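Letters A, B, C and D name the chains as they come in the text, with residue numbers starting at 1 for each one.
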Amino acid sequence: MNHIEAKGVYVIAPTPFMPDGKIDESSIDRMTDFFLKAGVDGITVLGQLGEAPKMTHEESVGIVKRVLAGAKVPIVVGVSAPGFAAMRALTQDVMALGATGVMIAPPNTLRTDDSIVQYYKQASEAIGADVPFVIQDYPLTFSVQMTPAVIRRIHTDNPSCWFLKHEDWPGLDKISQLKAWEKDGSLRRLPILIGNNALFLDFEVERGADGANTGYCFPDMLVDVVRLSKAGKRDEAHDLFDAHLPLIRYEQQPGPGMAVRKYVMMRRGIIAHDTLRKPGASLSPTARAEVDYLMARVARVDPRARV
Amino acid sequence: MNHIEAKGVYVIAPTPFMPDGKIDESSIDRMTDFFLKAGVDGITVLGQLGEAPKMTHEESVGIVKRVLAGAKVPIVVGVSAPGFAAMRALTQDVMALGATGVMIAPPNTLRTDDSIVQYYKQASEAIGADVPFVIQDYPLTFSVQMTPAVIRRIHTDNPSCWFLKHEDWPGLDKISQLKAWEKDGSLRRLPILIGNNALFLDFEVERGADGANTGYCFPDMLVDVVRLSKAGKRDEAHDLFDAHLPLIRYEQQPGPGMAVRKYVMMRRGIIAHDTLRKPGASLSPTARAEVDYLMARVARVDPRARV
Amino acid sequence: MNHIEAKGVYVIAPTPFMPDGKIDESSIDRMTDFFLKAGVDGITVLGQLGEAPKMTHEESVGIVKRVLAGAKVPIVVGVSAPGFAAMRALTQDVMALGATGVMIAPPNTLRTDDSIVQYYKQASEAIGADVPFVIQDYPLTFSVQMTPAVIRRIHTDNPSCWFLKHEDWPGLDKISQLKAWEKDGSLRRLPILIGNNALFLDFEVERGADGANTGYCFPDMLVDVVRLSKAGKRDEAHDLFDAHLPLIRYEQQPGPGMAVRKYVMMRRGIIAHDTLRKPGASLSPTARAEVDYLMARVARVDPRARV
Amino acid sequence: MNHIEAKGVYVIAPTPFMPDGKIDESSIDRMTDFFLKAGVDGITVLGQLGEAPKMTHEESVGIVKRVLAGAKVPIVVGVSAPGFAAMRALTQDVMALGATGVMIAPPNTLRTDDSIVQYYKQASEAIGADVPFVIQDYPLTFSVQMTPAVIRRIHTDNPSCWFLKHEDWPGLDKISQLKAWEKDGSLRRLPILIGNNALFLDFEVERGADGANTGYCFPDMLVDVVRLSKAGKRDEAHDLFDAHLPLIRYEQQPGPGMAVRKYVMMRRGIIAHDTLRKPGASLSPTARAEVDYLMARVARVDPRARV
């Protein structure tokens, strides 16, 4: 199959809900439009922070359809599931609708190199060897550790392997290793987009990452930082990044992080409500005030935070 | 809601597949018929060892429908899922078909007493407070440890809590504790059916367990052991149980255990094929020969193993 | 026993080594002196990031003796061990030398509320009910999750419980809860010093934490931030903190973080070498250059980073 | 270094305590004598079920010295520790006393093939490349999964690798794989002694294991089963093994298992008390009665259980 590129910012889209938990379709439209205007290069829907496991199959398909209607960029759909049957079913439906590829996270029971490699082989067979897939390497959440060599084996075994969503922690040397292999020809082109709420975006791009695949509440900032860094404007990139770092860190908290993200996106007018489905928690008034304070501080440097 | 009892053997049904991985409906019929003739008091479908995560929603509903068509006993359906939406969707469909209740395992990220109690509260709200549910307490597989006090809290909080599928290991003192509380009135009636492939069935029943909720390849033996034990025929119960123990132990291995179970059920003529869906492994010829040897040894005491 | 207070900064001391791995005693002296001049309120030696498990008993005692010789502040000694005998032996030796108390982390096998409470009860009995001990609540590393209620039980059960080294993540609401209980009298005075490399120090102090108990390479900055925050100079506290945050984040990486800390402390002249004992990794040249760059950026705001 | 063989039964010795928790030296003598008369080929002291982490360094050395005084067989000493310094210190002391080698378990944080291989390399360097060491492969307890290929890498990398204490579960195919490699020359001679409380000893020996390295309360039975099996008396081996299996299973329970073992050894007159050090639990009266019942049943076949 033909190589597909990936670079810049593939934003992880949250799933907007109405206060009663129903899917908020008009917010999906507004959010998609916002992403495009922000200059993203792609959109990933139904990732972990898209609250994917909280949706039924029908809802998942509906969300993808809605985003696809407004998007002019590649769409990646998270299809991770406890079994291959559900993974295949969702993949088939969203690829038929026009998605570009899917993202697959490893189940948290995998413990050996071979078992990880085998899992991706079987997953690729299950969804179809022609469906581009993204490796999600997020040990903090999935408890599965992939060495660079394991990632290379997966990418080599599967021509349909598209790019790496890199969110190992620490992960800088992993990027350096993979990019060195890409350079010396021992690894075919493997785009690396980083996640982990962009906590290390500044240095990750300098290490060779091709961009970001994460959902920080200011994806427009991510676009700028990647652009500045790729343009060699190192200090400018760090200045902008550092202004956001206190909020990035705050949003990266497991659990409340997703509520922070939705709260800021609501304040920015991107989505209408900051509702999470259960078992998602809402922010305490104190936490909201802390986020407001952080936004006010960001606004001193980045006017987009003035809301 | 009215109290529902549970005792004797609620067999965990495997899901029979054709060699190509399709669901083998005629084997479902034959197996259901076999279970009823074996004297089981209930049937649990789509448990972990029913390969539940490998089925699509539609397949799951189809299997339940098929079992219900042949069953004259209560049917429990495993509805564990990574999110409440899928859990609710499957619960609604199978309850509408006539299932008696559902079984819910905790997600393997729960670490505190409160988080476990809250999970069952939210799960019960998600599926409907009128749907009887079974607590699956299986730390070896789910990495979630529930103390007797946590189980009591869940049972007290949720009138729709039906029974405990107890498969902690070690678990004998847990049964003793819960039954002591039931006796002194500090815990309302909580039937306990044991799992863990019946590895401790002999003593678990003596400790007060009400029966078994597991899928050993000789459920007819489980029925006999529970009956003998409840009738006070201790030595006879142990004699029969011990004759099977070498095979029980062999079948209890994580991973190949399910292949062992299906292989024996195929040899017994209960299902047509011993196919597992991926990522399930098949038995090596050596392993099959070992199972054959074990069956031959069981057959010296229990003629049902002569096949 | 009499209540002992804890507030301000209890710095976590690294263990300085010679390039050949021997303990660098003159660096211990210089470092202790530096800590005192920086205005710390206490020193914790042999914590996780003091590479405690890499020392023999004799080495551990020697390090404590050396720090005690130069210190005029309370000394806490990490005594976590896989068994109570080694914990008791080290505790007795360091208390006899003049340590003020010890720090105990839970073994990573604990899974239920009761088992955590019981562990601290048994640990306290093992070391002696008169030895002040610190609870280390660090789920990210230890995989043990303690709810506020569990911490309250431990503190209530054990009069010798001294303070909480709080490094849960997320942890802001945990501080708020414990401080609310302290205020309403349902929890006796429990000082909370935060860890987690100070990644949330800014808000943690605002939530009521009494200070920090961590080892960031600029403990003098931690002292200032706590002081500013307690003095109500919120913006100043955040300004200083935010200037360091890019480096704090970089140092907080599991694995290389300890090498970053020692490298900066070496550059600052606090210790002579940045050697780690195996299996500790050293920094790559690229990583060192990144740290240099971060320090140069910190130096624009905080002259102490000009080295 | 010269190859050292290992076969037959290397019994895992418990550590006998007085009722007050002191080490019971005369029971050590009696137990050592019993082991030799039972025909064991080696003794492993200070394993997990020797309650190793509950001893101080001095106590550990004292126990080894005592066993060595009475032993005429190879002695293996468990030296697993959270750091290499303690591991090296204990190794040096026990090797100087005359131990034949040491046993090393991996720390439960290892997650990738390379990290496991590297750990054993570093451990071997730490203890000295001339010290024979045993790989303990016990995923159920240590959460570390070693594939056959990883074990081969460790054995190939380290000439001082002595034998494999195999206690994976399931593990039969792992033995077959390693023995096939040994046969085809792709793995140098690697003796395999099985653990896991001998739960699969019958088939493990048939798969090629060289013996057992476990501590079941009837090590004399293990000696007989290995001998019968190696002599081709398959049915006799299984008959004897199966008679003990109900008790083996009962003793294999995590937690109470160690108390069961000591209780039976006390009843057999091998040790004077069944005391465990904290946090070890004692058996409830009900559990003791269950063990008594199981022993009575074993005694119908094996007169050694008549006590």
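Points worth noting:
Note that contacts are C-beta pairs under 8 Å (C-beta built on N, C-alpha and C of every residue); 3 or more make two chains touch, one makes a residue touch a chain.
Please read these numbers as outputs of a predicted model, since none were measured by experiment.
Among the remaining chains, those touching chain B and also chain D are A, C. Residues touching across the chain A and chain B pair largely coincide in numbering: over half of the numbers involved belong to both copies.
Fitting chain C to chain D on Cα positions gives a rotation angle of 180°, stated in steps of 5.
Contact count check for A-C and A-D (C-beta pairs in contact): higher for A-C. Per-chain Cα centroids separate chain A from chain B by 38 Å.
The geometric centre of chain A is 33 Å away from that of chain C, both derived from CA atoms.
Per-chain CA centroids place chain A at a distance of 47 Å from chain D.
The multi-chain contact residues of chain B, meaning those touching 2 or more other chains, do not exist; every residue touches at most one other chain. If touching chains are joined by edges, the resulting network of the protein chains shown connects every chain directly with every other.
By the touch criterion stated above, chain D contacts chain C in their complex at residues 51-57, 59, 81-86, 88-89, 108, 118-119, 122, 126, 277-279. Interface residues of chain C facing chain B in the complex, by the touch rule stated above, are 111-115, 139, 143-147, 149-150. Only residues 169-170, 172-173, 176, 199-200, 202-203, 206-207, 238, 242, 245-246, 249-250, 253-257, 284, 286-287, 290, 297 of chain D touch chain B when the two sit together in their complex.
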